[in-house]
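Two complexes come next, and they have one chain in common, subunit A, joined by subunit B in the first and subunit C in the second.
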Partner chain A sequence: MASKGTVSVEVSDLRREFKGKGSPVVALDGVSLKVGQGEIFGVLGPNGAGKTTMIRILSTLLLPTGGWAKVMGFDVEHEPEKVRRVINMASGAEKAGYDFISAKKNLWFFSQLYGIPTATAEKRIMELSEMLGLTKYLDRKFYALSTGYRQRATIARAFVNEPKVVFLDEPTIGLDVMTARSIREFLKEQARRSERTIILASHNMAEVEAICDRVAIIDKGKIIAAGTPEDLMRSLGAPALVMEVSPPQSGFEMLSRVEGVKGFTASTEEERGLSTVHIVVETDAAARAAEDAVKREGLKVVASWRKQATLEEVFVALVGRGFKEREEQDVV
Partner chain B sequence: MTSLRPILASAWMGIQHDIAWTTPVLSVALRVVAPFASAMTVSIIYWFGTTSASPGLFNADRLAYVLIGSTLYAHVASYAWVPTVAIAEGKNLSVFPHIYITSRSTAFYVAGTVLSSFVISTIASVAALILAYLALSSFLGTQIPATVTLTSVAMVAAALVANIPGALGLGFLLGAYSMYASKFEWSLPGYVAGLLMVFSGALFPTSFLPWPISVGAQYLPFTQFIAAAREALLPGTSGDYATSMGLCLVGGGILLGVSMFVYFASERKARKDGVIDRRLA
Partner chain C sequence: MKARALVRLWSIFGEPLWIVVSMGFPVLSSLALSLLYYSIGAASYVGFAVLGGVMVSFWGNVLWSMASQFYWDKQEGLFEIYLTSPAPISAILIGMSVGGIIGTVPSALIVTGIGWVLFHPAVNAVWGGVILTFGLTLASLYAMGMTLSSLYLAYGREAESLNEVLQEPVSMLSGLYFPSLGARSPFPLAIQAAASLIPLTIGMDALRKTLFYGNDIWQVWPDLAILGVMAVVLLFASTYALKYLENVGRRDGTIGVRIR
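Let's turn to the complex of A and B:
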């Protein structure tokens, strides 16, 4: 998977196995990719897909069991000290910090671990806090900060050493819409103005679609699709088909058997007495076949219309369908 | 300076960890309780045992020996815990992996936190020694011998400094373990401290131990540190001061070298096994 311009992160045939009770568990299975300087690169995947494992390897927390990875030209396995000088990371789930000191002191402490002079560090902390809307809360003890401000402080920490590459794992998880939006704006600004490369692992399709230049969809340790969000949506061919079906149904398994249906999601609205099905189809013929398949089950299609597939629908089409196929293979 | 920053910042963090939950005075005062209680307990047991067994058995020099040894032992025991707590707590607060991926990584952090505890426990131990000395003198109504001059105090201070490599060595050795520990990490420093009470000559000369344990115990840097400090305050009781200082520095240096090797090997294995960012139970 290629990038344009200077390459910041390069991964080749990366593999990681963990000891299991029986056979080893493969978390990463031959992943290869290139990420360019100043690019925001999204890594999408379901739980256990290998996103966090990849970030742990790239940030030198974990050794690979096969393949290699380089960050700014330094090998993560053999030159971890050099890699650490140019990276940083943050995880939305952790909100890491020492509770007994203030947010500012937390940031100062980490700046010192990078050997940054205090005056420079304080200036940088103030700039980052300004950008992240954290300034008013800098002197509060870390435990006294709300989830959103703890998260802003965590993000600020990830940029305190002015890294060339930043790894973010679910950076806006659990945040309100406005906070999440301000963090996204900050990340875009960092990539655009400072040419920082950001690798963002996320479940949040809207977030990835909104800020990532390119995306890799990873499942069962393998990259199953990659490209710009637009390319991925376009690669699935025709726009999505939306159908409102009555009476409400819990399952639409008949759609799995329709040729040209790449994936679907369904939700039920009891109050309206119908189910809404979003289907990603390859062709117009497949859309008609899907509608017919539903009708053959004795269901009434109240309304149907076409729309552009979202990244979420692409994800479901690739990952959701993939799961089913594998489950069927496992049964066989 | 760039290498000193992470150590000083980690030392500052260690001090904050100890005092930020209350006022500095109260925090240090509470830190004095353990070494004071330790010194009082062993001293009173010695006094009670000897005076109960035979009226002429009590020896004020021996009481001073036990008093100084138990206080200095408490000093060693208190910083044995620090790397374990720093790593375990760091993992539970999720900060340890972020420290690990900084350009200086965790060795500077461990060194800084050990040094902070070293300083705090030195203040606490010295205060405990003075308080215990005064309390026992008053309670037992006896003059406990001690040579307290500018020279002897300087000699004790020099012994404390000479013990820093050994303190760091113990810190890295226990830190190597806590890189992996899941549930027992809180217990290990206690076991180590318990062993040191027996093997460091805190309460009785190491020559009392069976051979070859007595030989091994004799060359522990902590044994030599206690011997040097005790010799400064009680001349003629614990061998030659200069020899003890030399052995303390050499032993501490060897321990530090071996511990660093073990620590980095453990860190590498932890990275291989993926436990650097694993939380502890």
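Let's turn to the complex of A and C:
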């Protein structure tokens, strides 16, 4: 796998099993990857794919049950103390701050876990807050911050020790578009200008497409594809086909029998009285065949158009289903 | 470490209501008891009650905030931040203790002040001994708090019932308000021995001796030695226990609550 410059994170045949009630759950099933310094590396996958498990192993909160991983050359299993000096992490699910203390003092407190002199820490907190648009809210008590600003503070915290590698688990989950965008801009800036490596676990395709230099798509604990988002999308060849079908349908099983159809994902809009199907096709002929197959079932194709493939389609092409359907399958 | 102490202080003083609650309890109970002793003519015990009020403030702080702090931190995802930082977990705990002690001082001063003004307890003190005893008692108390905090981490809410158990009987056994060790103790020897396992008991006993009976350091040295040993042993025990819990947690995937 290609990577630029020096390697800052290396993972080899990483495995993690959890003891379940019945058979053990395999959360990571032999993952290998290399991430270069200054890279934003996306780990993309549906719920339960193993993203968080990987982030937790890399940030020394969880031991692997097989394989190994190194961060800045230090083994996460055997040299956690050394790893902890060069990393930081944040998760979109955490609350991460003392409620009755201002955002600024919270940030200062966390900086002290890294033994940063107060003057340096304060300067850094101001800079980070400026970049994240947090400055005006610094003196508010943590509990009085909205979700978006609390998350900005959490992101600032993850960079307060000028880490070489930052692990982020769904950092923009549940945020509005504007907040998510400014956090993404901040992350890009940190990677470009300060050469920090960022490993970003997400199941937001658009986010990964927007900021990641490279991405590994994982499903059921295995990497099923890796590369730059552009390469992955280009590898699909012909772009995707979108079809609006009426009346609404729940199943489009006929499509899986069409030659050249790699996969599809469907959603229904009741108000408009139709279903929208995204189909990843190998060739133009396959696109025509897919449309014919739908018509042959007596369904009406209200509209159909071709579109540039996105990471969603990459996943669909590899697994045959979209994230949503994949997650629903797991529940069953 | 210093940072942890400051955070603790900001948290305490950021919430006026909490100050009232946390100070009110020891103040009231100690004053009620003082009044009782005073009214039945047990004047020599009034001083004990005031001293008890001071110490129960610290004991309450150890039990209700030190011990359970990591448990709450874990619930909120803060414990993970501690762990992934290079700061040793014991430094964080010591910072918490220092913060807790400083934060409890106002309440202790209020108890002393009110007790003094109202009852003028007779004091016959060797101040050097008092200060040394007081320091060692706090050290061993907070070291016990550190150990309790690892129990809390391991057993979660179940450990809270341990607190309930510790609160009342310990106030009694440890002689917060009356002598529970030696000739003046109302308890049989076996219970006295059990009570001695709690640093508070020994600390209270030694404090009474130095503060009210004019004992000097050489007369209470066994108590001081025991307190010192307890502080060191408990400190190591907590460090070791937390390291052990971290390793188990990393192995079993139980660090942090899973939010899904």
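What we mean here is this: the second predicted complex is superposed on the first by the 309 of 332 C-alpha atoms of A that agree within 3 Å, B and C clash if a C-alpha of one lies under 4 Å from a C-alpha of the other, contacts with A are read in each partner's own complex, and residues count from 1 in each chain.
By our rule, contacts are C-beta pairs under 8 Å (C-beta built on N, C-alpha and C of every residue); 3 or more make two chains touch, one makes a residue touch a chain.
Just so we're clear, the structure is a prediction, and the values are computed from it rather than from any experiment.
Visitor: Evaluate whether subunit B and subunit C can sit on subunit A together after superposition, giving fit or clash.
Guide: Aligned on subunit A, subunit B and subunit C clash with each other.
Visitor: Have a look at where A:Ala119 lands relative to subunit B and subunit C in the superposition and call it first, second, both or neither.
Guide: After superposing on A, A:Ala119 lies clear of both subunit B and subunit C.
Visitor: Of the partners subunit B and subunit C, which touch A:Val177 in the superposed model: first, second, both, neither?
Guide: Touch status of A:Val177: no partner.
Visitor: So which positions on subunit A get touched by both subunit B and subunit C?
Guide: On subunit A, the overlap between the subunit B and subunit C contacts is residues 18, 56, 59-63, 81, 84-85, 87-89, 91, 94-98, 100-101, 105, 108-110, 112-115, 157, 161.
Visitor: Which subunit A residues qualify as touching subunit C in the complex?
Guide: Going through subunit A, the ones touching subunit C are 16, 18-19, 47, 56, 59-63, 81, 84-85, 87-89, 91, 93-98, 100-101, 105, 108-110, 112-115, 141, 157, 161.
Visitor: Any idea which subunit C residues touch subunit A in the complex?
Guide: Against subunit A, the touching part of subunit C is residues 2-4, 6-7, 10-11, 14-15, 76-78, 80-87, 92, 249-253, 255-256, 259-260.
Visitor: In their complex, what parts of subunit A are in touch with subunit B?
Guide: Those residues of subunit A that touch subunit B are 18, 56, 59-63, 81, 84-85, 87-89, 91, 94-101, 105, 108-110, 112-117, 157, 161.
Visitor: What residues on subunit B touch subunit A, complex-wise?
Guide: Going through subunit B, the ones touching subunit A are 1-3, 5-6, 8-10, 12-13, 16-17, 20-21, 93-95, 97-105, 108-109, 271-272, 274, 276-277.
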